[in-house]
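Worksheet: one structure, shown below.
Naming follows writing order (A, B and C), and every chain is counted from residue 1.
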Amino acid sequence: MSQTIAQIAKALDAQAVGDLEISVTSAAEPASAGADQIALAMSSKYAEGLAQGSARAALLWEGADWQAYGLEAAIFVTRPRLAMAGLSKAFDPGPEIAPGIHPSSLVDPSAQIAPGAAIGPFTVIGRDVVVGPNARIASHVTIAEGARIGADALILAHSHIGAGVIVGDRLICQPGAKIGADGFSFVTPETSTVEEARASLGKTNEIHEQSWVRIHSLGSVEIGDDVEIGANSCIDRGSVRATSVGHGTKLDNLVHVAHNVQVGRDCLLCAGVGVAGSSKIGDRVVLAGQVGVSDNVFIGDDVVTGGGTQIFTNVPSGRVIWGSPAVKMDQQIDLNKSVRRLPRLFAQVAELRETVTRLTQKGGTE
Amino acid sequence: MSQTIAQIAKALDAQAVGDLEISVTSAAEPASAGADQIALAMSSKYAEGLAQGSARAALLWEGADWQAYGLEAAIFVTRPRLAMAGLSKAFDPGPEIAPGIHPSSLVDPSAQIAPGAAIGPFTVIGRDVVVGPNARIASHVTIAEGARIGADALILAHSHIGAGVIVGDRLICQPGAKIGADGFSFVTPETSTVEEARASLGKTNEIHEQSWVRIHSLGSVEIGDDVEIGANSCIDRGSVRATSVGHGTKLDNLVHVAHNVQVGRDCLLCAGVGVAGSSKIGDRVVLAGQVGVSDNVFIGDDVVTGGGTQIFTNVPSGRVIWGSPAVKMDQQIDLNKSVRRLPRLFAQVAELRETVTRLTQKGGTE
Amino acid sequence: MSQTIAQIAKALDAQAVGDLEISVTSAAEPASAGADQIALAMSSKYAEGLAQGSARAALLWEGADWQAYGLEAAIFVTRPRLAMAGLSKAFDPGPEIAPGIHPSSLVDPSAQIAPGAAIGPFTVIGRDVVVGPNARIASHVTIAEGARIGADALILAHSHIGAGVIVGDRLICQPGAKIGADGFSFVTPETSTVEEARASLGKTNEIHEQSWVRIHSLGSVEIGDDVEIGANSCIDRGSVRATSVGHGTKLDNLVHVAHNVQVGRDCLLCAGVGVAGSSKIGDRVVLAGQVGVSDNVFIGDDVVTGGGTQIFTNVPSGRVIWGSPAVKMDQQIDLNKSVRRLPRLFAQVAELRETVTRLTQKGGTE
């Protein structure tokens, strides 16, 4: 997958200088780059590395003196990560999934597989499934009855798409993702200790035997276009309506999205995030790693959280939050400082009490 | 799967009125319900939705004026979620798993597959496995040597049941669950820095090279009746005895139960919960999302936790706890308030110190 | 797998007494041990259990009066868990994976499978894969193009080894582990709200539409010798360089290691740990359950954490830390105590303010 500097510059919509016909086959960090690789030196801290490597061409920070590094060509980028997006796309060969339907796969005769779709070995496609054009489905995938997958999907090994799940175009499903397992929804015939504890904020009345009756999931999952689901992540079916994930939203690995949850557009849910049942998350929300969202919570648009934040109550749009329970991030930073100064505060108060006691006694003897 | 209102009312043990012979094929939210669906309007907040939808029959809150909503039949429910349990069960067709043993599956000749059991494609059943009557096992499942699965189990795609695992009746195993992986148990030949840190609560002596020797898992996993294991959840084998999960306990997605753990009856472990090695959890315990339980901890019966709680020490029965480290929930609520008021407290103490300094100086000049 | 007491003592490098020719077939807890089992009674708290069971031989604590327990043979151990390591290894039959290449597996003709390697049913081995001598690969495993697996690997069901992943010798890969999924790396064409929030510690400027452009993963994963990866854990590919895990490091279940992360040698990452992109973890680091590490953080050698710790900033070597955000463990213990005493402190300050007000007024009237 060889590319010329001119081609790369065009793909990145960036300015190039020098010998634009130099051809490279991949990208590398500056110090380890070979002559057929383009060095990635998009900040001046990589200057030294450039001297050590053998690259003839590099992606450089704006204003770099490219010829001083012995380069024969350079591309200048202003937003390095955006350049990386373009460059990495150009050089990514993608997973090898043979075209066509592998003879070992089991495709139900009622399923509609669009032209250009590829289906890997040991994959099982159920009744009435629709697979869109040019979708690529790897090995050991299961797509259950009635599911519909859009065009250009990439569904990797051991993924499961449950019954009736509807997915837009360009889905990327990393290995082991489970979309459309049953929701975790149970009820006790009598009021349960959990309900009591929630109502009373901590006090339970009498303890009694209780066993859990299952609420089955009748809803499904609806996923927009351009969504990515991380490895071993889970999105459960809705109880009656569908659980939904909006266009352009990306889930990292080991993320849990419970039944009835609605996630908006263009969100990022980082690894280990858990969103409990029936919560609603707005557009462009960023939940950092291991963030937890309680059930039936509403999170507005453009909310951003710090890592490990626990959200128990509604969050207004545009807020940046952190901590457990979540507060505004700058407030949390102040609270953290306050807590770390507590031992000193305790000492000050103890000293004050002694002083005041002395003052009072003195006053009392007057 | 058409049902009459009379049939549904009988299944829910609830009172019905109107034309009980109306037949419905599924359930829907009131506003979107069609004429062949039963509307779910179990609280008065759904009254408006009823007017918008086309349902002829509805599940209504106690005392609702059903005829005013243009309904031809109604069922009145007192505990809505319990009604949902009954209704959703009635309408859930369940996953499509063809009866019999799929020819592509590999069943060891020594395995005993009871009558009525179904085994999906690409599933591997090992030596001496016993599968109970009417168990349904989907595709890509592995059941290792010596495992025993009870009657009426439902084991979904990509699940793994390890060697010697014993499971009661009516297991539900969501996709990707791993029951019976090896425990995470290692030891260093010399005292490790972890052991030192635990013993000294933070101070380690000298740093030394250490590598980990594996403690193999000889125990297995024993699971009671009516247990559900969530998607991509993991229950590890015991070291010598079996790790155990009691009757009626439900695990959500991405839950981790470590080696030697004993979980009691009728517990709920919500998504992302992790229970470390050798801890013991009583009956009817509810661990909310992302709760962590340290190793060798004892949690009494009927304990309920708030989300994200971290449990490092034993918890007496019946306690409702929250926070990290866990304390009683009402105490945690007070502590959270106190922490949020810390900046004001710091200001008050600073002011007090100034005032007292002035008073002292004044006193000193007397 | 019968062993004599003499054989076991030799394997444990421990002193044995009594009839060393007694043969046992497995290990058990003292109270439930049968005559053909060795009882595990490595602390005096098991003395009572020994009386209840039927074992003829036992692993005993140093100095135990073995004959008083009716034993015919005993092995004395000084470090019980280390003895367990040896004993459990001796008695672990390991998973049953038939020798040779199962006829249902799909091995690319270009793959090199070393002598002694076993490959289970429905496993897919891609182009140019190299599998080392005596590697054992279970069913439903996928090993993608160009991956190289060392000698004596044990790779269990539903594991995925991605393209170009390089693994040393003696890898243990528990069921469902995903090594080499794509990293979670996205960028917006314009500055995103996350970037603003990070730069300003909480304040975002204007809200604007933003959609995420994918940074593809061109790097792979490199794993040293003697590494174990837990069930359903995930290690993502690097962006340009490989994500790496050093020799002897062990990952528990449901662990997430993001793109570009470098984990050192002989570390333990317990269940639910998440390490965000480009962080670097030293040697012999122990991350307890559910610990979170932010991106681009450097953690020194020999760091040990308490459970649920959230690490947002660099941690110097040798430090024992706990809490969120992480501080030294002894400091965290003090802070926890301080927080729990806050209600009393508030009361004291309120009382002080009243007293001081009275004193001031009294002073003021003078």
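By definition in this document, contacts are C-beta pairs under 8 Å (C-beta built on N, C-alpha and C of every residue); 3 or more make two chains touch, one makes a residue touch a chain.
Please read all numbers here as calculations on a predicted model, not as lab measurements.
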Chain contact graph, described as a line, ring, star, complete graph or other shape: complete
Interface numbering overlap (same over half, different under half) for chain B and chain C: different
Centroid distance [mean C-alpha coordinates] between chain C and chain B, Å: 23
Junction residues of chain B, two or more chains touched: 122, 140, 158, 176, 232, 254, 272, 290, 324, 339, 342, 345, 349, 352, 356, 359
Of chain C, residues touching chain A in the complex: 106, 122, 124, 126-127, 140, 142, 144-145, 158, 160, 162-163, 176, 178, 181-182, 184, 186-189, 193-194, 197, 201-204, 207, 209-218, 232, 234, 236, 239-241, 254, 256, 258, 272, 274, 276, 290, 292, 294, 310, 312, 324-325, 327, 331, 334-335, 338-339, 341-342, 345, 348-349, 352, 355-356, 359, 362
Of chain B, residues touching chain A in the complex: 26-29, 40, 79, 81-82, 84-86, 88-89, 91-92, 95-96, 104, 120-122, 138-140, 156-158, 172, 174-176, 226, 228, 230-232, 248, 250, 252-254, 265-266, 268, 270-272, 284, 286, 289-290, 301-302, 304, 306-308, 317-318, 320, 322-324, 328-330, 333, 336, 339-340, 342-343, 345-346, 349, 352-353, 356, 359-360, 363
